């Protein structure tokens, strides 16, 4: 492997652009070799903006290019697992946006293929690379709060997505909470064995009509005996609310929201601080760059990725259990193994 | 009714002393007329310390004294409901420590008797009078965060009680969480309809042997559609952790712990703040005084008590449902009406 | 001396009422024996409210009462030193509101008389008893931040006093900053040797016409080599701003404002916290009680008062130097010894 | 002017490397065309690392290159003004590290030459681009706190520089406080007219032997009537302490330190937060990038630089006055115009 990783980006939508832009300007030891999008003008526009030498409508051209070492799969969710399969067979290292798939068999097939091909595989759980959450993880992992007793995640979006999106999202658990399911695994250092989910529709009744919920609380039991709880809302009017807390036998550690700045304004009306950064593009901006750097380093140095294919499977299993529990009114459901 | 409320204190243990001392030194318009304790020397000692003119081993002497307007029932839990019954029949206003009883029929009998007698009845849910929690309640009640979507309570004791206490406590839900059940009713402005509880023993395995849990997470559904969650631990090594959060359609409000002071120390090792006040006597010191003042005012001005007999019943109903859910592994259980 | 301190209160204005009320209801081991005020109805009203057995228009009646152990001098500033002289001669312990006098010779005469009489003397620098500031002091005094390098005091009133008050106040340095001069002595553990003061009128031009300033910054040199700075304003529209910071060779410690509660409100408009408590009656409520208790204990146990007569003299000396420096445009002025 | 700014970097030491690295990887629309250093191997190493096509030991080669649009002057302080003169004559836009010079005549000559040549000139006061300080500035400038009454700057380094550096630094006022002098101008929106400085040596007595101070407090009077105060220390053991506060007729705004993350750790020992970021490379990392982007935009779009040549002169004038005041024991000294 050369000292520079040659990367092809598959999908030039919002998240594809984000990764391509970071890879071009912020991540060292990367050469953007090609970009593809089913809508070719999108690929062309991105290629021209970032001086990417080649662009295609067909991603196979990227997979067939022997000079390309790795791919970023940023296409629509339903294509994640088939492209992962093909990319693995083509011997490319793979960064795949979450979720790998909604279908467990397809995810498992990807895991197997990746293992067989011996390529690197990283799933886009970017929050693990957030400086706050990573610090909490590191303190917990190093025993700083003793044994883990309770893991808490607050995760609320600033505004509900369009109804058209909700309808094809697979539901809140697989679409939104999946990040939190990954986070509780990351923080607890243990697997989730059972979940109970209470969900309801308080933000927008049309979401209920679409068969989904917009407000929910999920309680979790971990293999190591700890308990966990996640609370979600599709709409926090004050911005993206992303906080965590891990409580243990020797203490507790919390991570607060990030804000645009650290100022405080005192007036006759109030003492006010900045609201949380608006949404994931702002809040997790640095986390995206760090996850990209991490993937590139794993490929170049032949080390394990921080978030592997197995880490892509587990949150989907938890989401499936949570969805079932929620539909059954909160009856605890065991997570498949 | 005279302008001064003549009070008899029944029970001269820790909580009886606390109330008597506050009534003697901090609460206006009160005259401490008598104190009783089954162990007469305790009553005598308290009477002498606070210049209370009379002390007895038999509380009936207090109930029979026509000059006494009100009683504080601070005796052991099993005596709360029978003394409440007798005191109501004797026409005394009643301040009763929580819980009224573990037996629902006995609580309901008290409710009926209190109603019949037309006396004031206040249950010792002192946290409602905490300046932080009351402010959160007031903001929520005045619509400051819109419709309530999620209520969160973190409630952790600094150290587990002795095993001997655990064994007769009735279990964590009725002993400890009962305060939190009152709090979620207070904050949400709605009744709890259904609960799911995950409990486990992580602090002390002997608590499990005694048939109880020491760590738990309880999810709640409210009549107004909101969801709630409480997390408890019997042992937070950094002190009494008492925080709340109410999230709604127009915002969110949180209350943080109280600390001994507002200082911050910066050294080469760390930036450190004070730990939370150690336990309820420190944290809720002012809240106890405020609740006592509130009761005295209700009696003197013939107004409703802030925490009535019905408010004593509801948390017990929720606790019973939570206990059942926990024992059944988290299956949601409806709260009796 | 009996185990109860019999106190006479001289002056039934705002501060006299405050002390009398606390002594009657919050300070143990005190008996309020008499109150006097040149305007007798004020003395009468206070006596009746607090069940004080005697009231006078002439304070000599208090000094002549052999059953009275101590006096609180809460009368107008110009009477502080003469009454202190008489009270010392009469063998009464003395709590005197600040300042003892504006005239150095009179203060020194009080010091001498107090020493001769062997009575306790405490000056009303209540801020030393604030839980935050006392904690900072204690940490500094115990070496927690090493050698003191810089002491900073921010002290801003919520609103300027009436012009009529300003005219007779003796100027901002002796009226307002005098508390801060005491604070820097308390925190640094050292005497002020030299000051430089920049003052100006930015709040109300009429204050300038009255020969005073309403905004100022005073820099100080301490005998131990440390530096200090105080900034004052007569009007902080967001409330009473009282913060301190001590920086040293091994760290730094800060004390923040006190607020009505610890809540945070998140809305679409802002994230807001409570404003500082409005003024000294709210902010230093507990500090007043603690200083009264401290005085009573010093009298009953024959221990030194925390703020003695010498501590009443020093801030006046600093104020005189600061006033001179300010009038001379900031030229450093040495503090008289 | 082309759409890309071709830049030559003069000086490949610590700050030259920092700017070159940012320009190469983080600042859009820039082409690094050449680098020079009197020690050619340093220039060569940087050129190779960042793929800069040309490197020299003689900066004149850069000034003579007609394809180069702008220079970053990152060489030793004594060369700032002569190179600025030559660069202006050569028609290059100029980014110059602070200070332009210690000699006022030389700075004024640069101002004149820059004006004559019509080139852009920006001085490296990077703190204006810090997100916190910029927000404070913007709120103040937009009237958010009304008229400015008091400006406060706390600025403390984490550790004293080597004595060898101190000896040639020109003294603390021109070396360290100069950033704060720029900051108070930026925040107050007004010029400093007079200063009084108290300085002492508490960190390292050898600094006193070298004729300098390591701890100081500087009071300032602004043309608009406001007052200001800066406190400096060469050694804050807990890290780089950089805080500001602006107080006005309608409120107050503060900016706190930046920390590595927003976590809080609760243990039996303490509640601790992260220490401030260690030093300027960490704290002002983003500010450097923003100032570079700002300069590039000014050059490409022909707009005024945010920190012009005049802004390079003023802090030196204030520093000279502060030094004189400090040497004279704090006597107020007027700033030259």
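In order of appearance the chains are A, B, C and D, and numbering begins at 1 in each one.
In this text, a residue touches a chain if its C-beta (ideal position, glycine included) is under 8 Å from a C-beta of that chain, and two chains touch if they have at least 3 such contacts.
Just so you know, these numbers come straight off a predicted model, no measurement behind them.
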Chains touching both chain B and chain C: A, D
Between the pairs C-D and B-D, the one where more C-beta pairs touch: C-D
Chain whose average C-alpha position is farthest from chain B's own: D
Copies chain A and chain B touch via same or different residues, half shared test: same
Whole-Å gap separating chain A and chain D, where each centre is the average of the chain's CA atoms: 39
Intercentroid distance (Cα basis), chain D paired with chain C, Å: 43
Length of the line joining the C-alpha centres of chain B and chain D, rounded to whole Å: 58
For chain D, residues contacting two or more additional chains: 236-238, 241, 250-252, 266-268
Touch-based graph of the chains, sorted into line, ring, star, complete or other: complete
Chain A-facing residues of chain D, complex: 25-26, 28, 131-132, 135-136, 139, 144-145, 250-258, 260-268
Chain C-facing residues of chain D, complex: 147, 149-150, 152, 156, 194, 196, 198, 200, 202-203, 215-217, 219, 221, 225-229, 231, 233, 235-238, 241, 247, 249-252, 329-332
Chain D to chain B touching residues, read off their complex: 236-238, 241, 266-268, 270-276
